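One structure, as structure tokens, below. Some questions next.
All chains are identified by letter, namely A, B and C, in their written order; residue positions are counted from 1 within each chain.
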């Protein structure tokens, strides 16, 4: 009986080794030419789950080798994570995506093995390796090519984080900002008077609309080439609302050529509401707010053409503008229209300043709706912005002073302080 | 309570809050909200393009019907629009992509769109010249300073400056990196705070002018 | 005196005529100007030079025909450098009408440098929804680019085998005519720590100095001048270098007009003062 069992075992071993011979995978026990190479796996921090990060460290001599990473799950299923990675790339991520949703699942134990080779890995070899339930750490030969199998990583489990720790500085800023805004909101509610300085460009709105009406010319309102997701476009729309109200009061016409259909639809609603509020819904004409094209210079050409034909008495350029800014503003100037412009694109501001009568510089544009309405609640947000600005200014001055002591006078304490400050502010 | 403007304001508030929360919580269902809403926006924007086309073509059809002044150009637009769409569809069917080298769509692109766009952009060179001519007058100390700086930068940014003096491009680079940036950063900070203000006003429903 | 007074009311079309002449004439006569490389451009070049062989470089075509004279020479010079250093360009397009320009440049230089499609470079074409894409590539590029620009599955190309997300991309180079670069910096750079280099049109290049100074981008190529510098760096002076003479002379003409305009302004002011004095 014992003999038979021994024979059976021998036969099994032989057949296994024969099988190995067949695929010519030969294990070389005592050779570790890749000493110092090991891979580690960990759950990707601060993510939504279904993701594992595989890192490896290696001696410089292996810089130009290729690495293939295999994954084994706790149920014994093998799969290939990535093949032929350059060792110098140091990291690969095993992540589920919309395309392949079932790569890594949360809560399951995964084990990773790396295969290091001098050449790109053979497709046949890959299939053989995928079939094996366990690969012993060491060097192997396959079809005269040697490759090295790392020891398997410890079990790695991916999980979703409930809080992104790397965003704590943002959270702190958010809390400070919210506190400041709420404080001023309360102040406004309690009836405290808040001040906003004069903005000439906005005082001129009435004059521009009035003069244009006197001349019997329409008003043109250009929202630029931003989308409705851009803050300057939203700011432009809030100013449009005020301007259209004036337009309705003066019983004149407003033209809004648009670059984006969503912006066009929003602008139609804004103008319609403004006309209704001014008691003149009959004057509203949907067709005056039209779509031109979503091509930057096609839009510029279309708007310029319209300016030359319609000769508006006042042109508002409020929104996001790029290279077409001057093409629009210069044409507006050439027809003698009063031009009130505003954008947050600092590169375009010089063009507007040169070609327009009034320019709202960046935050003036953002504050426009507040300025035109002057409600205490709205004003409170401007006061809050100012306080935050003071806070940022103090921070800049502090950073400046610390960096002078740290790098100008080479004082270690300040260097540390500077590093801490930079780290605290970094997201 | 939720009547009239109440409903949109409530939706805005809720969406704003969810987006803020999702920024800090990567866990499902929050983590994917941004991506999902961007995809939604793409879909909605795709459909609104139909509204845009309707507005454009509608306007020109009306002009054509009324035989308005310059009605001929409306005809050109409608023919151009239709031809491009039809050619685009046919060539996509023929070659799998409209931008195949052999397709007529590529022809339209290369020989209509490219020169037209380039022409429009090159107008900028002329407009910059006339605007600069008008604007750069030494009216007072500030304007004079601006004028001198402009001339230095204009020379320093082209190889001619290098020929005048090797220090000119270096000085220009300094102007660009130090005084220019100082002013820009100042404006930039203001803009960011302004954007923050607009966002908070909208989320809290204080700013309603976009709903009017 | 009279001449200057007339000058102050000069028809803008005369200015246009002068500008046209000084732009066109040097393009025909081709005078040579030495091009000196500035630091922001040198930084882009050096960064790419240091990348290990085989690294992937994502090129985003965010411009269209209007900016072709400024961006196309840089694209070509950049591709020459990439192919020479055995780096692998992956081309994507965010401005739909820029797609043929990107393809044109890529095919031209690939042919010139003997690069093989799918192995040494790839063209993924245009997909709508740029912000969603920029966020999405952080996870898996195949969520947006399942196929290349000719609808061939990505997995059939050997070079794309290991490209999944920003981790597999050594550098992102954005060729920008508008503000798409802001989203690249915000999403790819801010969220996923992707290294970014930018080439911007001259008119918006000053805006990107912020990000260059703060180290959010590795370097900056501004307008045709930047492209000319890059052509010099890759040792293949081409269209941008040729354009430098036009640019130099047109700047000179604008400066002359400004000076003349100021003389006219002062004469006019002087006369008004005199009249006032009477």
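The criterion applied here is as follows: a residue touches a chain if its C-beta (ideal position, glycine included) is under 8 Å from a C-beta of that chain, and two chains touch if they have at least 3 such contacts.
Treat the numbers as computed from the prediction; the structure is a model and nothing was measured.
Going only between touching chains, how few steps reach chain C from chain B?
1
Tell me which has more C-beta contacts between its two chains, A-B or A-C.
Here the pair linked by more C-beta pairs in contact is A-B.
Quick one: chain A and chain B, Cα centre-to-centre, how many Å?
Roughly 17 Å, centre to centre.
State, to the nearest whole Å, the distance from the C-alpha centre of chain A to the C-alpha centre of chain C.
The answer is 21 Å.
Residues of chain B that contact two or more other chains, please.
41, 116-117, 120-121, 124, 128, 130, 132, 134, 184, 188
Using the touch rule from the top of the page, what residues of chain A touch 2 or more other chains?
229, 295-297, 323, 346
Which positions in chain C are in touch with at least two other chains?
Those would be 12, 64, 66-67, 97, 131, 203, 206-207.
Where on chain A does chain C make contact in their complex?
Contacts found on chain A: 63, 82-86, 88-89, 91-93, 95, 97-100, 225, 229, 295-297, 320, 322-323, 334, 345-347, 427.
Show me the residue ranges of chain B that touch chain A in the complex, using the header's touch definition.
Those residues of chain B that touch chain A are 20, 23-28, 30-32, 41, 44-45, 48-53, 55-56, 58-59, 62, 69-70, 116-117, 120-121, 123-124, 127-128, 130-132, 134-135, 184, 187-191, 193-202, 204, 206-207, 209-212.
For chain A, which residues are in contact with chain B within the complex?
46-49, 160-164, 167, 170-171, 174, 177, 181, 185, 227, 229, 231, 234-235, 237-238, 241-242, 258, 260-262, 264-266, 269-270, 273-274, 277, 287, 290-298, 300-301, 309, 323-324, 326-327, 329-330, 333, 344, 346, 349, 351, 353-355, 361-363, 365-367, 369-370, 373, 375, 377-378, 381-382, 384-385, 388-389, 392
Given the complex with chain B, which residues does chain C contribute to the contact?
10, 12, 15-16, 18-20, 23, 33-36, 38-39, 64-69, 97, 99-100, 103, 125, 128-129, 131-132, 135-136, 149-151, 203, 206-207, 209-210, 213, 225, 228, 244-245, 247-255, 257-258, 261-262, 265-266
Please name which positions on chain B make contact with chain C in the complex.
Per the stated touch rule, the residues are 34-35, 38-39, 41-42, 46, 96-97, 99, 106, 109-110, 113-118, 120-121, 124-126, 128-130, 132-134, 136-139, 147, 150-151, 154-155, 157-160, 162-163, 166, 169, 173, 176-177, 180-181, 184-185, 188.
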